[in-house]
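Below you'll find a set of structures to go through.
In the two complexes below, subunit A is the common chain; its partner is subunit B in one and subunit C in the other.
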Partner chain A sequence: MALSEEEHKVLEGIVGPQYITRDPIIMESYCQVWGNKLEFGDKWHRPPAAVLLPGNVEEIQAIVKFCNQAGILFKPFARGFEYVATYLASSRGILLELKRLNRILEIDPKNQHAVVEPFVPVYQLQDAAGKLGFYVGKPGVGYSASCVSLACCHQEMTISQLYTSGYGRNVLGCEWVLPTGDILNLGTANRKGGWFTGDGPGFSLRGILRGRAGANGGHGIITKCSVKLYPWYAKAPSECELKREPGQALSAAQLEKVPDNYWVDVLTFPDTERMLQAARDIGQAEIACLVAPAYMNTGFHEEGNDEQWAKLKESPPDLGKFARMMPVIVNGHSSRELEYRRKAVRAAMEKWGGWLEPEWNTEKVKAQIFQYQMWSTGVPGLRATGDFMLSTQGADGSVEMQLAYRPVEFQALQPFAAAGNVLHPNMGMSYRPMEHFSLGCSGGIATDFDPWDPASLAAGKEYLEIVYDPHGPCRRFGYANRGAMMQVEDVNHIHERWGPIYDRADRWLQKVRNMLDPNRVADWSAYIPPEYQERPDEERHACC
Partner chain B sequence: MALDDLGRIVGEANFTKNPAALQEYCEGKGGCVPRALVRPASTEEVQRIVEWANDTRALLVPVSSGPPHIHGGSTPSVEGAVVVDLRRMDKVIRVDKNNRVVIVQPGVTFGHLQTELARQGLSAYLPLLPRPTKSVLASVLEREPILMPSVHFDSTDPLLCAEIVFGTGDRMRTGEAAGPDTLEEQWEIGKAQISPFGPTQMDPQRLVSGAQGTIGIVTWVSLKCRQRSDEARAFFLPSEDLDALVELSYHLCRIRYTGTILLLDRVNLARMAQRTPREIHGLQCALPNWVLFVAYEGYGLLPEEKLKYLEEDLRESASSYGLEPVTDLAGLPGEALYRLLLGPSSQPYWKLRSHGGFRDVFFITTQDKTPYFAKRMRKLARRFGFPTQQLGMYMQPVVQGTSCHLEFNLYFDPTDLTGVKRLRRLEAAAVDRLEREGAFFARPYPGWAEAAYRGYPDTAAMQRKVKAIFDPNWVLNPGKLCFPPGSGRQD
Partner chain C sequence: MTWQDFIHDMQRCTRCSYCKYIPWRLIRNFRFSEGCPSAARYHWHAYAAGGKFNLAYSLLQGAIDINDSLLEVVYKCLMDGSCDIACKVQQDLEPLQHMQEFRVECVARGYLLPQHQPYLRSLRAEDNMLLRRREERGYWAEGLEVKRVTSDKAEVVFFAGCRYSYDQDLWPVARAAVHLLQRAGVDVGILGADEACCAGRAYELGYEGELMKFAEHQRDTLATVARTAGVHTLVTACSDCYSTFKVLYDKIGKKSDVEVCHITQYLERLIQEGRLRPRKSLDLNITYHDPCHLGRLGEPWIHWQGREYKPVGTQIWLHDPPKRFRRGTHGVYEPPRNVLKSIPGLELVEMYRTREYAWCCGAGGGVIDAYPDFAQWTAAERLEEAHEVGAEAIVSACPWCKRNFLDTAAITKDRIGIFDLVELVERAVGGSE
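After this line comes the complex of A and B, so read on.
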């Protein structure tokens, strides 16, 4: 149901006529995102009734308060990479695109944090912070991701989390417009003394801000956030000279050598177990700024989409080896530190029977790895088909658990791979260690499929259904992120299905949601519904 | 249901109304005498006690540490409460050497834990010389700062997962530990309770961190620990210039210099290192005003090379701030002090050694504000006639140096009643004044809460709503944080 003329006028009065639209052509552009075919079976998902571009927190509060009065669903989004950013649970819903909130408000080099607005992408902050000797991290989805979304609302830095932490652990305070329109400042946000902590007084309300994943716009709007920064000993990205061969696309430009104060080794191991044991040794020794087990596979892609497609269809043999390879990057504030760390990495490699493949340890390859792993080049997997499938986005935990989980997910994938209905089946599971391995690591399979091939699309859906099934093989490995990053609750019912066997975590989350949003105006589609819908008994039985 | 029903839950031997036994629990700031004490031995018993409290609208005060109860977070703030003493639950449930994770119940102390971990070549992340009776679990939930800022990624560290009995009586396990299986079944598939996130889109363990038992009773936690090495180096960086030491501390935090980094004044260093008032006085007179203490171990890969490069780097870094690391200071070997920091304080507790009494005032700020607050506190002490030679200071960089725990310690003679009155006025004035000047009282214990929440009405309002979800009948530890006695109850 569209907005009434009167409602549209009120909203227009808040942001001004140039910052609101309901033009159907423009609305269509907000519902055409990768993943739609797999999630919704269509190229488009439900379009919003209007899109607004508020310019400040006061306008946001006014919009939200009006939504409460008029019963209009709202959802904010920043950079909008994924369908969870723009999908709405009702056609009587509006999107708040936050692109006018685009300022870095402060970088405090002494206290190692920056205060940013939601439209600031990682690249922008990385470049500004890099000039002051700081690093933000590498988001898996690419450098254009919003710092605020990553820290507070969605996922986080993925592969750089060994060094930069993530999943909400970098939040040092934020300004939060609640679904009622009231403002909640977490910790010392907006207080005298600076934005240096997000906890207290008393217990930490970061506990309701997010968990393994964020609320994906489902519990209000984060309008400012203080994020922790990490040491950086090289130039800022824009100050680095990137070179490309004549005739190559701009995006092919790359570093020619690893920057001073950094060292890259690409280690190869006889098997996954020894690779992960070495990863843990290096992590626990607190010497590396990146350890990326089986992460070679996402770093090497063809420049053109057609070439990439051809490469995928070939299923190149190198992929099996990539699954046993592990780029390691160390840094050093002094030459002594760099030298010690470099030698320590080699010691771990030798301990676990690893070696250096000359082909993958040339200066050029190392520079390419550095560029990709530290700065990100986005999600190359999207280029071949315009889509990819994140399977479960992992079970989180120890090396031992990852080794137990690996065959489970492979077995789930195997029938579809054997039938030729998923591409790239030999890519393997990749791992993302956290905080010197003191939080273990995440492991998951990123699988390519062809959304335009009905058999491949069906295989993708069936495969996801297996890993999303709480009575299936993944049951014991947790639902920490079982779709919580990418689920659409009215399609997947992830919380409804998994919550009952996970200490009723869904019920507590639902209570928090309903407390924050008594009038049920914040879009819950990628968070949790205010209540579960009545459904036929057989369907409910399948869920629970 | 009667009070005596509690005896049937935990066994009569673990339930008492004896006033003498109850007296221990009302020590501390303004504590009220409880009406009963119950000592559960399992999570199930804790659940039944909480359910009983909901049925009878009784008030529960969870306690994990032994006396003395110093800050008042676990002393009853209202008359008629029932103390739930968790010290019978004192098991180290599991030590996972490979993943460096330990699971402990509330009654485990640091001494107990360090003994267990040492058998596996591991060490806990400790706060500064905790008292021997201090519960590890309580220390972690209170967000007491650990001594190693480079691995203090988040304010909740080293907390990983927790088992919580909420104020409703419902049990929930957090992070990776949530799930359909028992802990033992989780271990079978390699789970180590190492991943703290969620589950899903909230982090319940953050809601019990800093909660002073007002949201739930935590029956075990999994914690990060670290490898231990006998090869260690320890250095004092003495100075009369506090600013220079703060700058060096900033630098070391920024480069993630591994190991222990903390800043002390001579008043505190003398109390930590010596035992008798005479010894303390002697050392205090011989020490410089300020000391940055830096120590590290040779754990990990290539230990000898690690120790060597770290020392050379420290010397080089220090010299750029006009400072020099020394291994002994006024006859005190740095390595001896470091060994002390690997466990709890010996008896008597170091803060009680010189005068028999102390009060703490601590808060979160940024390191650069340390010199200002140090001067401010001395000025306040002088104004209230408190001897500045009995005023100690400790600054601990936290969350990788993005902020710091700044603590002032007021040492006093508890038999000097005039002095005690003066001290109380000073403490109240200090909290009030320093909060107005930017000190963030993240852990608002009784007596501090009003000032701590003064500028945070939005936080208080939201915390009350959260409390209403997890403890809807307000049975848990009334009178703490922003939950005044009697408010919020449905009856």
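After this line comes the complex of A and C, so read on.
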């Protein structure tokens, strides 16, 4: 439903005419995102009634307050790569693109934290912090992801958690515009004292702020956020020279060697079980800054699909072996510390029967692993087939639980892979440590599918039906969700269907949501609906 | 290919927004991280290449029609191809070719941008896009003792192009280029008043018929002077002309047999052969601005005809035969730098966005004619980048870049030096006019 002229004028008065549009042409570019076909059955999702580019927190407050008065749904987003970022539960909804809030406000070396606005990508902060000898918890989702979104709105699935803790632990002070338009500051009681605690003068609100995966705008807008920084012993990314041969594509630009003070080993094990046991030993000993079981994302992808395919045909790698391989990166502020940690990793490797495959431990491969896994990764699957999906990622728990969960997921996926309807690289399930394995780990399978191939799309949907089914094989492994919590509640109804199994957790989440947003104007599509719509029982249990 | 042929690309654009920036891992300064002037200036996603994929898909599905708003989005684009390079780091898509064909479609359907029409009329009536009379075309060379290949024998023809032919402020560059060639003993001639527009800029606006017509004319002309005058090489100091002769004519199957060189390539050759010796020291701290049409858009065309397919039992998209994408890496980057490095006293400092991921000067894609404020904003960004790296002067190798930098600097009162590379070489070898 379009905004009225009066409503548009009010919003225009807040941000200025150049920073608001409701032009139907422009709106078409705010509703076409990868993943739509799987989620909504079409390239499009619902276009917004308007898009605004607020320039500061005062404007955001004014917009939100007006939305409360006028009953307009609002949703903020930063970089906008995920369909949950721009989807609105109602056509009478507006998007707030936060690209004008793009500053690193402070890097505090003494207290090891940085204060950023929402549009700052993690790679930018990584670089700025790196120049001062610090490192930021990194995403597994590409260079351009927003620091604030990761800290406040994204499921924890980074492989650097051994070193940087999970995203939820990295949120410190916040400036939070609640759905009512009020500002809530999380941080120290004395604001002049800085932003280095997330919990404020009273009880901690971080659990409400982000929970497991954040509310994705469902409980307001984070306009500033302080995130933790960790020691970094090498150059910043932009200070490192990346080599490529003349005429080579930019994708070939690589570090030539692992920086001093860092060491990369790619360990191989006889089986997944022993790989995970070694990962747990290394994690709990707190000697590594990154451990990535079965996560050989090294940027090995070639310039394009044709080149990639040719390489695979020329010398087919033993992909099955990737499921038993584990890159480990250690660092040290001195050569002695580095050497000690390196020896400790090797001891864990030997304890669990592992070894170093020479071809995966060359200087070049190690440098690639360092570059991609310490700084960021892309999503090459999107190039290969056009889309990908992560498996449920719901099953974070102990290593033993992951090992029990693994065959269930494989069994669910196997018929579609066997039919050739999904591209599953047979690399197995990869795992991310939760903290130092103190919270266990999460596991998942990244599966590529072609959303424009009816059979492949149907396979993707059927597969999700299995893992989203509260009465299905994943029931005992916890609340289902598409990886990184990328489900749309009014399509998937995850909370509604899984809440009853898990102590009515959905009801408590709904209470929190409705308390924060009494007028129901903060978009809930990637959080939880204020109430469930009445539907027949059979529809209530249908998936997707 | 037509715009509809890019449906695969429209469907598969993920909205990653890589098209808005230079490739992330090559960012050196986040103040200068953006690659797409259009997205940077006009904010909305529609202005980026990814947004244009969205609009094209919506148009294809009948969800929207072409209207003034869509035309504005389509034409507030410099067609500089930065998006194309950044996108291909991650994807197998063709954003620039898609935008080109989208413009062609707008024109074919009769949706013409009014601001461009005087220039098109000028092209059709006077063979140039600078709103000048045809007979004035040879004025730039008046008094210059140089052969006319229409009547004299010469091995090399110097092709001035519209901007050098009609922009009097820039005549000294074109004349210097001829002087340098002569000084090195090159047997050079010009077409003078018999020269005509290459039509590369018209094509960028979506007028493919004009490109075809002028390409045929140029090919016939070059064939004639090759036969009658013995011309075997065309040298131009205009990057737009270079790209048109080298790339676009090849793309549409109208490539001439005559070798095509940019003046920077030819000067590099002459210096390496010792036929030109830049001896005079120029005490200047400069930065080099890669013209889009010499750099990424100057990369030779790669012909491909085939089909997309998925191997049985997989979902990966491949091409039969395998397709090599133009990634901008084979543009002309080293020759201008080598020439500059050969000049004593010049200190060359690179900007943050260089080579195939250089920021556009702002003059491309018809923007300088239709939206001059956007052209100047874009140029001002580049001049600020030049200042940021400590350059006293910005050097380019294209008259459109120099024109736009000069106009912008005059407005912003920027006192940075603005040169064409040819001018510096002429100073260094001595003997300027």
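Keep in mind that, in the parts below, the second predicted complex is superposed on the first by the 511 of 544 C-alpha atoms of A that agree within 3 Å, B and C clash if a C-alpha of one lies under 4 Å from a C-alpha of the other, contacts with A are read in each partner's own complex, and residues count from 1 in each chain.
Here, a contact is a pair of C-beta atoms (placed from the backbone, for glycine too) under 8 Å apart; a residue touches a chain by one contact, two chains touch by 3 or more.
For clarity, every value in this text was computed on a predicted model and none was experimentally measured.
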Partner chain(s) touched by A:Lys364 [first = subunit B, second = subunit C, both, neither]: neither
Subunit B versus subunit C as contact partner of A:His471, first or second or both or neither: neither
Partner chain(s) touched by A:Tyr340 [first = subunit B, second = subunit C, both, neither]: first
Touched partner set for A:Lys9, first subunit B, second subunit C, both or neither: neither
Contacts of A:His495 with subunit B and subunit C, given as first, second, both or neither: first
Residues of subunit A touched, compared between subunit B and subunit C (which is higher): B
Which superposed partner A:Lys43 touches (first subunit B, second subunit C, both, neither): second
Partner chain in contact with A:Ala310 - subunit B first, subunit C second, else both or neither: second
Subunit C - residues contacting subunit A, complex: 8, 11-18, 21, 23-30, 33, 43-46, 48, 50-51, 53-55, 57-58, 61, 63-64, 67, 69-70, 73, 85, 88-92, 310-319, 322-323, 325, 327, 329-330, 334, 356-357
Residues of subunit A defined as touching subunit C within the complex: 18-19, 21, 23-26, 28-30, 32-34, 43-44, 51, 53, 79-81, 97, 99, 123-124, 127-128, 142-144, 237-238, 242, 246-251, 253, 303-310, 371, 375-376, 378-380, 382-386, 420-423, 448-453, 456
Touching residues (chain side subunit B, partner subunit A) in the complex: 96, 98-100, 143, 150-151, 153-156, 160, 170-173, 175-176, 178-181, 185-186, 189-192, 194-212, 214-215, 224, 227, 250, 253-256, 258, 299-302, 305-306, 309, 312-313, 316, 364-369, 399-403, 438-444, 449, 452-453, 455-456, 458-459, 462-463, 465-466, 468-470, 481-482
Complex interface listing, subunit A residues touching subunit B: 110-113, 165, 167-169, 172, 182-188, 191-194, 196-215, 218, 228, 231, 280-282, 284-287, 333-334, 336-337, 339-340, 343-344, 347-348, 396-405, 434-436, 438-440, 475-481, 484, 495, 501-506, 508-509, 511-512, 515, 527-528
